[in-house]
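We just call them A, B, C, D, E and F in the order they show up, numbering each chain from 1.
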Amino acid sequence: MALTKETTALYAGSFDPPTYGHLNIIERAAKIFPKLIVAIGSSADKKPILTCEERMELLRGICSGLQNVSIESYNGLTANFAMHQGASVLVRGVRNSNDWSYELAGATMNQKLVEDLETIIIPANQSYCHISSSLVRELTSHGGDISSLVPPLVRQKITDKFT
Amino acid sequence: MALTKETTALYAGSFDPPTYGHLNIIERAAKIFPKLIVAIGSSADKKPILTCEERMELLRGICSGLQNVSIESYNGLTANFAMHQGASVLVRGVRNSNDWSYELAGATMNQKLVEDLETIIIPANQSYCHISSSLVRELTSHGGDISSLVPPLVRQKITDKFT
Amino acid sequence: MALTKETTALYAGSFDPPTYGHLNIIERAAKIFPKLIVAIGSSADKKPILTCEERMELLRGICSGLQNVSIESYNGLTANFAMHQGASVLVRGVRNSNDWSYELAGATMNQKLVEDLETIIIPANQSYCHISSSLVRELTSHGGDISSLVPPLVRQKITDKFT
Amino acid sequence: MALTKETTALYAGSFDPPTYGHLNIIERAAKIFPKLIVAIGSSADKKPILTCEERMELLRGICSGLQNVSIESYNGLTANFAMHQGASVLVRGVRNSNDWSYELAGATMNQKLVEDLETIIIPANQSYCHISSSLVRELTSHGGDISSLVPPLVRQKITDKFT
Amino acid sequence: MALTKETTALYAGSFDPPTYGHLNIIERAAKIFPKLIVAIGSSADKKPILTCEERMELLRGICSGLQNVSIESYNGLTANFAMHQGASVLVRGVRNSNDWSYELAGATMNQKLVEDLETIIIPANQSYCHISSSLVRELTSHGGDISSLVPPLVRQKITDKFT
Amino acid sequence: MALTKETTALYAGSFDPPTYGHLNIIERAAKIFPKLIVAIGSSADKKPILTCEERMELLRGICSGLQNVSIESYNGLTANFAMHQGASVLVRGVRNSNDWSYELAGATMNQKLVEDLETIIIPANQSYCHISSSLVRELTSHGGDISSLVPPLVRQKITDKFT
């Protein structure tokens, strides 16, 4: 039980860019778990609109009030990164039933890769179910208003970079 | 953060009877949270095959090795019971995408009833996705073998009571 | 095209009781269609918590500001009632993907029963996706707070009747 | 209510190429709404098999008997185009439950971008549920028979262009 | 391989009443498998509108042209009946994604009860996706036209019995 | 009925690479049908990690104990290949409800292309539901352990080729 109290959770993703949906999951997970690592998975084959460094800076900014949250980045498999960080729980935000099968397969695989690595799912707040990074990117490319989708810091960064 | 470490989680259900699926969720939640309350919700209108007392006894038996788990029962709304027990997290096991919409509505409602009451979902282990209490009851009514579905203690109780 | 402008839509249901979810669909459908009939389908085998008359009175009350909405009740098949009322469109509110298959089957059947009877689906507002009459009834039976689920008029009626 | 009678609906898509499924939604929406705009959204990053002009010509051809339907094209956000055209309703055809979550997110976002912009969903006729433009393109690339999927005018155009 | 050629398949259900949807699955399964048993599962707790004998008679009538199909009835578990009949394959008709999770759990359980008992799913023909016995019963109770849902023999029986 | 006994089934896919999930479907289909063709569909636009020849060699290796299974490859439409091979049944493995709509559309289209071509679905064994070729490719690219996902022969080939 002593170990239990030290549970470290990992919330991994692309965060390209971080959205209000991400922030909501982070805030809620930070209340549930003693320590939460938010980590940007760098994937060589995707072309992000923000560099990994930019995304880390934005996540640090919007999470600055959450003292048990740290921001990291990693390459390779999420399960391996969790193990190296001592995280025993993967946190996933799920918005709709379409995501479910994908998450279930991922949870099963991660447990096969690293024994005892649990995946827990936090259902997205109804107010944020429609938000995704890809929607932000699409709106940005058309000059649409993203202020209801991302924190001001993120919007500013995107405005500076793309207009 | 001190408060976070004391997170109490509540896993509520009918447990009529408790299955290997329930036990799996209990064991995994007991590793994630410092304290886990497993609680039988008594509903006047359902006719269970096991009394609430029988179900509590069985849950106590199959959870006897889990020191941070306590067994309770309650009437009324799960959210109210959680509040009274000081539980800030509801644990739900989900087996398939059909359950998702139901769980999402429940999570939203419970957060409206008791502010800051979080719901987290643990995806059922693939080996237990087909198990439900209703399947156990159906097999029992036809004299089918339930040994792959429930712990020996539960099977013994059902055998004693129904054959 | 002259006929098109006269399109009458029918929004049928049990409304036991009417909820904020129903009201939201009614308000939105009333903006889309020149005339909207809201109709309570009486089914002999269900035991409603409110009589058909009580539900009609409540619907009249909460829709009093909507001049192109009329409240009716009917027995038998919805498709037949639509035909008799001159409604060419059935309006359905859908909350989640689980409802989808059910609605699709209903839309197909209704078109077979009454040719040219169209079904259109209005996706529930995210703020109301968790609301259902059965949730209201369940909360009512446990003395839970339903003020976020139903208009004040409905809550008052239920309070008067059940407490 | 006077305004209601003037409801203009917008059915936007890629229509690359237009299919019997599209035509079915157009015909049904044209019966429901006084005015229907069918609009081709031009997206710079996709490589269509037909130019925007070719698709507009085909849509004009297959909709020639529908007097309240006009054919347009646009760049940028659908919600903005709807606003500029005075359309208050977006029409979407949905074939299966997988599409549902996507459409729900889109409906929510479009209402945030343009207040009072409603989305209504017309469930695809069962006879057309399997039809999609991508299926037509795939069959075309393999020399398969597309005559059950697209109107003769479309098939002729594709035959002329690709064989 | 010799054994394979003798594959006997079992299509079990309530058939209360048999529909065009059932008949379509039977006809297709009878083309795939050398021998097909269509079996009515009698369940004590349901109150069918047709007796088991009436349903057997109807199934015999509508399957009279299919020489490799036999009609049976059984009590108890479907898996046990399959074993006793020497059937190695359970045939299931599935109409939509909602049914999927239910069928998957059933397939898993049946394979645990009787080793090597396979379940194969035949996707319902699009023209019959909306048909279910419960829809037929509902229409019958309201005097609706069921001629598009059931074969003439079944409609005649229901007309004779209920009008 | 004589024809029925000769039923040839076709299991087509990319098999890039073949997985334990594929092998499970092959073994089960080989027990159900007298003759099973496993066929690699070559698609010009995809960039496989294994050549068609390598995949055929692997499939021949892992299916060497199944005497009624033959390995083929084809270009063009699966339905056409089935017809040319005399296969009257397409076998599909389905892992989750998300796949369902896609498979239903495919089954409908294939029956329109080649009359009497049936599609049957074998639900994936729960132990293999999380396995997909794309997961294997992703793990391979990160140096992850794929031994629980593919037969030893496949793992060896991938190890030889990519490390």
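The rule we apply is simple: contacts are C-beta pairs under 8 Å (C-beta built on N, C-alpha and C of every residue); 3 or more make two chains touch, one makes a residue touch a chain.
Here the structure is a predicted model, which means the values were calculated and not measured.
If you take chain B and chain C together, the chains in touch with both are A, E.
Using CA-based centroids throughout, the chain positioned farthest away from chain D is B. Remark: rotation between chain B and chain D after Cα superposition is 180° (nearest 5).
A repeat of the B-C interface exists among A-F, A-B or D-E. It is A-F, with more than half of its contact pairs matching by residue number. Here chain A and chain D face each other with different sets of residues for the most part; under half of the interface numbers are shared between them.
The distance from the centre of chain C to the centre of chain D, each centre being the mean of the chain's C-alpha atoms, comes to 29 Å.
A straight line joining the Cα centres of chain A and chain E is 47 Å long. Centre-to-centre spacing of chain D and chain F amounts to 35 Å, using the average Cα coordinate of each chain.
In chain D, the residues touching two or more other chains are 96-98, 101, 104, 108, 126, 129-130. The full set of touching chain pairs reads A-B, A-C, A-D, A-F, B-C, B-E, B-F, C-D, C-E, D-E, D-F, E-F. On the chain B side of its complex with chain F, the touching residues are 96-98, 126-127, 129-130. Every residue of chain D that touches chain A in the complex is listed here, in rising order: 76-77, 79-80, 98, 101-102, 104-106, 108-109, 112-113. If you check the complex, the residues on chain D that touch chain F are 95-99, 129-130, 132, 135, 139, 142-145, 148.
Within the complex, the chain B residues that touch chain A are 1, 4-5, 7, 28, 30-34, 67-68, 88-89, 94, 96-98, 100-101, 103-104, 107-108, 116, 118-123, 126.
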